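Each of the next two complexes has chain A plus one more chain, namely chain B in the first and chain C in the second.
And now, the complex of A and B:
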């Protein structure tokens, strides 16, 4: 049933199916690939192409299915009853591209406002003025919708709006139905920081897009640029130099470490204890010093672009990094003995938010969350990119899948990242002394401004999990035609809804905090 | 009313003293927790940022006190006046400058202290119920739950010295305290301190105003002067319970070398450091865990402790005279 079935790259198969046969094919796919990564629609003006990406976290094999649907009557069978993780991805495709999924249990707008009227925003012929008129026409409906939304207390259930202006929520709203302290039902309302990055990137050139891409989430922005750069390089057919590859690893790991510091601090912050937050920020500053030394910016570095890294490297910059590593290692044991062994934390976090390994596969959990449930998945090992094959590190996994396990995984991953950083630094130093790396010239390979027609998928292990980008370009295109960003927090927030049912109000922040969610990559 | 009484009400140990204490302790807490956090804390205003709290108080006073719609405004606004008044009343029962220096001389000083400290949470519970806010009501429910379960260990442990010395007169307790009685009463002090953390909603029992869970609990709707008054009530509570612990367990104003008010102040500050230390290292408990801890561990332990006190009274201090 799958046409044009071929190998795309190592461990990746790609094929095309008829939209009417999709459901049958997907049922078969489920036997071999247990996880759906994402659904990415592309608007080709005469048709809409839906791309389904599947993977299996055990066998590390992935599958890419394409199917065409008509643009006017864009309907397709929902697969959310086969892959639990498809639920929100289908809602996203429905909201942004107006694709109607038949048989979806709850096909409502997500990310965009629940009372969005008019054409789907990501379609190529979306017109802002027509949209404005549409909204004006429906202004009364919008007002009454708003009234309904915020006045729903029944006799036995109170609706508590946990967010978007709650001290611990961040820009996201959990509609929590409570009976006293007990939680009956949770539904997440997201989209408060929706910047339409995927659409914004279509208006920028290939270099300009990196500043948009790195703003997916400020906590770990280097890896998201790396993912985008890899996709562009694949289409352009360019390969960065070995030095650039190693230095990308350094930047990526510094990004991961600085994100993980915020992660461990935030986890304790949810229990009303801010000491670790402050201590972790203190260590994080030294790593940001390195980013500043290299790129001039501490957070938004814009330092990785297609073809390599943006700036030549001064060897003294690496001293800053070594200082940061040294500082953290001198503090690490304090962190460990005071916070990782904290009896109160264990008491509160070891019994809640438990995710089983099966749920990891079913609901497309990634990164820290998956590893804390005993699923050994790490894109750095599964599909090695950049220079990760050269370095020795282990994938931290925990069995148990509770909030506490996730905290432990984040904490121990910092150690692994530091291990990689040390190896990479000595690799660059020895490369320079042997004369294989030229820090002045090797950093960037030229990538043409106009790319050929093509499609590429790239995945990186981001701080919070797998980040996947699906890039589509047109012939002689100066801008990306379509960039789909799959970020892990999307599925993790979906999971929060399930995890919180039956818990108490006290558990909301800690379960939410342990899922390591960043609202930036949740909404994009 | 004599001039001395007026001085006691207005200056020491009355209004001015409590205000100065509130300002000082606010700054002290902030500076200390900053030390634990590896931060600087208040820095710019005054010596080591000591004026910062005064400026903050002045700022809060100029803010609008908002009274939400659809509530009983009398209930909403009387409690911020009642709460600090009730919180500072027990100051009159504490001998601040040596034996016999309490303002109200009574045989039942310990009882008065317990009652005045114990009644405060019920007022705060009313703030939660008078605010017509989901989070405030949740905070109010939590205060009730916590007070009911923490008050019993609180007064049982506070009554331990009364049992040991055979009197409820605070001055007599102070004058009869020796090093030996302090050692015997030390377990009672630990139990007292834990239950005080519960009664005053301090970490790890800061459940009623858990910021990450229910915004600010019962405080949520309060702003401006009302909020300041509630905060002053909280800090006068600290003053009272620290002084209470100093007086009941450690001989109040009496020290090894000299007797003075500053001895008591020193003891109170040590307790403040202890409290901030706990705040900087301990995550908050869940409501159910607090209930479990209180009823299955703390209360049995306080009862055991009373038995131990009786035992000590008979076999160490020679029984009832």
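And now, the complex of A and C:
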């Protein structure tokens, strides 16, 4: 049933199926691969190609299925009853590409704002200019819809709006149906920071796309640039130098650490304990100092591009990093004794938001959330990229899957990242003194401005979980033809809906905070 | 009577409270400005979760079409005089998302800002210096720009 079945890269298989046979194939796929990563449509003007990415978090094997559907009659069988995680991904493809998923339980628009409903804005023939001419009318429509929506209440149930201006929510709204204190139903309203990045990138060149890619989420922006750079390098057939690979690890881990600090701060902040938030922000500043020393910017570093890293390294910059590590380590024990053993945290967070290992597979949880439920998944180990194979670190897992466990995983991962950073710094120092690394030249190899026709999938372990990009290019293309970004918060927010049912109102911030969600990567 | 009003203006200018509202990535640097290293409380600023008690609202960079009514309603809920501070390239003209299909490019035409703070994202120092500027404006007794005009007055939200 699967045509042209072959190996794409290590542990990856790729094949093509007829759209009419998809459902049957997917049923078989489920026996071997338990998780759906994402569904990525590409519009080729004469047809729409749907790419399904599956993986198994235990056997570490992945599968990529392609199927074609026609543009005019873009219908296909829904797979969300087989893979629970497909639910929102199908809704996204429906909203952005107008693909109709037959049998989907709740095929409503998601992410896009209401002026794009039914218009399939990511298709190649969508006329943005014409659409933008009416922007004023659209804004007014959205504003009056907003008024209607916020006044919805039925006789039997009260609807609470948690967000989009709640101090812990960020720009996202949970519509919470409550009966007294008890939560009956939750549905998430997202898209408040939708910037249509996937579409915006199609109008930038390969280097310019970096500014958009790093803005997926600013908490950890280095790893998202890395993911994009890897996809471009794969198509261009370029390999960065060993030095650049090691330095990318450093940048990536600094991004992870500074994001984790925000994460633990946010989690405790939602409980009303702002001390940790302040302490974490304090330690984070020192890591940002390093980024600033290296690139000139604290956050928007634009420091990783295809071919390596953007700037040559001055060895003194590494001193700033060592200072940051030292500072954190001097604070570490205090952090642990006050917050990890905090009785309030133990009481409030250990019984709620529990995710089982089966749910992790079924609903495509990733990163911290998956590891807190005992699923040992970490792209840095499963599909090693950059120079991660060189370094020794362990994958932190916890059994239990509660909000508290997730918090513990984030906490302990900071230590693992610090371990990697130390090894990488000494690797660079010894490499320079032995003469294997040339700091003046090694940072960047040239990548052609025009890429050949191709397709690449790259995955990295982001601070919040797996980030995957699917890049499609055309012959002599100067811009990406299509870039699909799969980011972890999307599925995690979907899970929040399920987790909160049956909880009480006061549990919302803690459960939400523990899922480590960034609205940037949720909406893209 | 005049003396009493002067006193209130003075008090307000030395402790502007800011409503919690974030819509773009600039809010990360705003968080840093609240954090221990830059600590804007030294200057009298305080974030508050409710618009009813706030004097200032931040447009934290990007404003998408979907969040625009939220911004306007939050602003309208604030008690007069209420000031607006715009952060970042996005609040000016869409910044890096200028040609995105879902971003409002003229936020400050809709909701005029009293102070613009440049950067992408602006550094915490810049944010604090922008707020000092706002203090000066309040001290001079000038009305807030948004109360003087802007498209928001004609919109329903």
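In this text, the second predicted complex is superposed on the first by the 499 of 524 C-alpha atoms of A that agree within 3 Å, B and C clash if a C-alpha of one lies under 4 Å from a C-alpha of the other, contacts with A are read in each partner's own complex, and residues count from 1 in each chain.
One rule holds for everything that comes next: a contact is a pair of C-beta atoms (placed from the backbone, for glycine too) under 8 Å apart; a residue touches a chain by one contact, two chains touch by 3 or more.
Just so you know, these numbers come straight off a predicted model, no measurement behind them.
Novice: A:395 contacts which: chain B (first), chain C (second), both, neither?
Specialist: Touch partners of A:395: none, neither chain B nor chain C.
Novice: With both complexes superposed on chain A, which partner does A:275 reach: first (chain B), second (chain C), both or neither?
Specialist: After superposing on A, A:275 lies in contact with chain B but is clear of chain C.
Novice: If we overlay the two complexes on their shared chain A, which of chain B and chain C does A:344 touch? Say first, second, both or neither.
Specialist: first
Novice: Please indicate which partner A:509 is in contact with in the superposed arrangement: first for chain B, second for chain C, both, or neither.
Specialist: Touch partner of A:509: chain B, not chain C.
Novice: Regarding the shared-chain residue A:139, is it in contact with chain B (first), chain C (second), both, or neither?
Specialist: second
Novice: Quick check for you: in the superposed arrangement, does A:425 touch first (chain B), second (chain C), both or neither?
Specialist: So A:425 meets neither chain B nor chain C here.
Novice: Is A:158 touching the first partner chain B, the second partner chain C, both, or neither of them?
Specialist: In the superposition, A:158 contacts chain B only.
Novice: Looking at the overlay, what does A:445 touch: chain B (first), chain C (second), both, or neither?
Specialist: Touch partners of A:445: none, neither chain B nor chain C.
Novice: Could you figure out whether chain B or chain C reaches more residues of chain A?
Specialist: Touching more of chain A: C.
Novice: Thinking of the overlay built on chain A, is A:167 touched by chain B (first), by chain C (second), by both, or by neither?
Specialist: In the superposition, A:167 contacts both chain B and chain C.
Novice: Based on the A-chain superposition described above, do chain B and chain C contact any of the same residues on chain A, and if so which?
Specialist: In chain A, residues 166-167, 278-279, 282 are touched by chain B and also by chain C.
Novice: With touch defined as at the start, can you tell me which chain C residues reach chain A in the complex?
Specialist: 19-25, 28-29, 31-32, 35-37, 47, 49, 51, 62, 64-70, 72-74, 96-97, 99-104, 120-121, 123, 155-157
Novice: Hey, which residues of chain B end up touching chain A in the complex?
Specialist: Touch list, chain B to chain A: 36-39, 134-135, 138, 141, 203-204, 206-207, 210-216, 280-289.
Novice: In their complex, what parts of chain A are in touch with chain B?
Specialist: Going through chain A, the ones touching chain B are 158, 160, 166-168, 180-181, 268-275, 278-279, 282, 338, 342, 344-345, 347-348, 504-509.
Novice: How about chain A: which of its residues touch chain C in the complex?
Specialist: Those residues of chain A that touch chain C are 112-116, 121, 128, 131-132, 135, 138-140, 142-144, 146-147, 164-167, 170-171, 191-197, 199-200, 203, 211-212, 215, 217-219, 262, 278-279, 281-282, 284-285, 288, 298-300, 520.
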